[in-house]
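By written order: A, B, C, D, E and F. Residues from 1 in each chain.
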């Protein structure tokens, strides 16, 4: 059986932290689905199409990575698409406590789906999407925090 | 290339928490090496041979699991045995901070070796080897905390 | 003097975690007031009347439990109703830091009112009301997370 | 049925933090047993008899408080003495994670025994027995950290 | 070169915790700029002018303290005003994780600007601006949490 | 008045994390005393003289840095030497909780002495002296974790 993982997120925008976790997880899986969760009640800072384009550019050289968007619960998308692993990065202990709650609730709804965690690398541990947006909103330069292929200006 | 993981520990004794993480990680790897780290300066509560026997009994039905013991750094054992993944379970945020330090130091010494984390399941999150030993030392009953196959009396 | 405790919350909806803490605290108190805090600026996901009905059903067999709703500060309600203990459950260290701030501020305003904490049991530690709402909103099944008497469909 | 709580510790020495939690818990219980846990393998900094004398002096005015020492697991002492509540103070989130592990393991061994937590008051949150001992060992003055009735010189 | 620090915040309202950190940091710097960050998208609870007046009253006796307001990123304000140190208080580990993210992102954008932290004193560790606002909103008395010079009624 | 800080530690051995915090704090102080705390009951892994030599080499180019060793409480050394600031680095929230306890106890003994914290930089956040020693003990290479001037072989 193929080992397929989903890496869900809003990627608003994708950061170097996301990019690093996804690339480092490639040897572990046969395919990684990078999936933009769309919340009908909460609009993103960047339009969905823009975020998708960025993901496609960043991972253009990796045939094992697929870019999708989805609505509803991540766990329901996994069941529909026959995905058995959810991939997440861990930066801080606040992250950990949040992810543990989600991961354990998912597990108790669908015991066959397992959440797998990698650490962010030290030089990316402080990168946070909402602060990246705050910097962009104020005209600051975020090149240190987002993948080199993103053109934000 | 085969996906081989090591799950290092002192297993003094193995708990239901360890057992659960190892079994749940089986679909992710082609082989899991459950490895007792031997520290020449620190004796275990149970003799090494006893701990090894217990591991062999607990995982007797799983051909993909191998039981070993090793000395020295986990990362050096991985290099020697061509193991690319270190598997760890996460219970609490204290665990997480400790594992992050070890995992990031390992990664900066050998960037090709990746630490992969699973969550403990909720009903095992509170199980702690050193408290299990404390209970045994005082004649208490630990059947709720260790695998069913362990005979501790 | 009677030992009366208030267990304040939004109960939007009540979870198995709340239910377990309240029932386990019964031997400690002569009466527990389960109190829905009403915030005039923030509407609940479920209507107040629905939430109250659920609480009444869940605790119907317990004469020592009373269901109320209140506006304003919990501490002011305690003073008015002559309640000396605030009862809270603790799941995670994030919970703890939040509750400590509230508990210590309450204590410095009214030193006679004491906050008393019980732990959630391991199998309920991951249950979180806002994720339960998110699951309901997306049509998922939350029977594992809410008391058996709740009819959510 | 009487509500009896045990407050276990090494009290080596008792601090203002312990004293405050015990006194503030008095309205909640009919009796509080302040119990020095004796570990045959680990000697205290102060002799057991000295620690016991200090506890007796500190709580001399409180008929509802009893001073004892015990060996073995706290939970076994509770069963033998028919004590249903374990009382603990919480200072920090590190404390909380440690106490949660102990509390949940106790609960899974004996579901009838409940651990009850109070917060330390803000002005005592930083007081730590092992640092108090370190200060004493170096000839420093700890009057700010221990009950007024202790004569340490 | 003069050592100038900025203490940024919304001061909505200033608390005894803020006041204590700023006064205790005075011996460390030649000048401290207490700076109200103005967010064009988020209105404060108290009007900007009121918050500024309060700061001026609280620090009226300290010639080394200057009160300003600013828009945009703190780091950009520092560059413009030639400020090399950002001063922050730390209360809890949740605070710490948040401040570390901000501080390390600032540092990677402008390595010359250093964030310097002081601890809140124990008796102020539990004071939290958003709970202070919640108490005010409900007609409670916050004199224990805000500087003596504030007239809130 | 001159601003003098002490940076106390065991420096067994000094790491890149220590080095970075001390160098980055130089603009804040007129002098930094890097002080090896000597504990008569606990021997170091490296001899005191070796640790001192390493500190002298690492900071040889910085006239504002002085290397000393001391016995007893840090706070007593500060009083004797007229040092008003204690400098510490913060890596993790576990660090923070430990440092807060020490810092607040010091402050309540001697209110005039202030502890000042800098963050470690992201690339040094995972470096931990005791793991560095463990790697050395097992013959591993620690060049990534200690200052370039240290000759460990």
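Just so it is clear, a residue touches a chain if its C-beta (ideal position, glycine included) is under 8 Å from a C-beta of that chain, and two chains touch if they have at least 3 such contacts.
Source: prediction; values computed, not measured.
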Open item on the list: Spelling it out: a chain qualifies if it touches chain D and also touches chain F; which chains qualify?
Closed with: B, E
Task: Chain labels contacting chain B and also chain E - done: A, C, D, F
Task: Chain whose average C-alpha position is farthest from chain C's own - done: F
Task: Homomeric contact chain E-chain F: same or different residue positions, threshold half - done: same
TODO: Decide which interface, D-E or B-D, involves more C-beta pairs in contact, and give its chain pair.
DONE: B-D
TODO: Compute the centre of every chain as the mean of its C-alpha atoms, then state which one is farthest from the centre of chain A.
DONE: D
Open item on the list: Based only on mean CA positions, could you tell me how far chain C sits from chain D in angstrom?
Closed with: 29
Open item on the list: Rounded to a whole Å, what is the gap between the Cα centroids of chain A and chain E?
Closed with: 34
Task: Centroid distance [mean C-alpha coordinates] between chain F and chain A, Å - done: 38
Task: Interface hub residues of chain B, defined as touching at least two other chains - done: 92-94, 97, 100, 104, 108, 122, 125-126
Task: Interchain pairs in contact, sorted by label - done: A-B, A-C, A-E, A-F, B-C, B-D, B-F, C-D, C-E, D-E, D-F, E-F
Open item on the list: Residue numbers of chain C touching chain A in their complex, please.
Closed with: 92-94, 125-128, 131, 134-135, 138-141, 144-145
Open item on the list: List the residues on chain E that touch chain A in their complex, please.
Closed with: 72-73, 75-76, 93-94, 97-98, 100-102, 104-105, 108-109
Task: Interfacial residue positions of chain D with respect to chain E in the complex - done: 92-93, 122-126
- [ ] Using the touch definition up top, name the residues of chain E that touch chain F in the complex.
- [x] 1, 3, 24-25, 27-28, 84-85, 90, 93, 96-97, 100, 103-104, 107-108, 114-119, 121-122
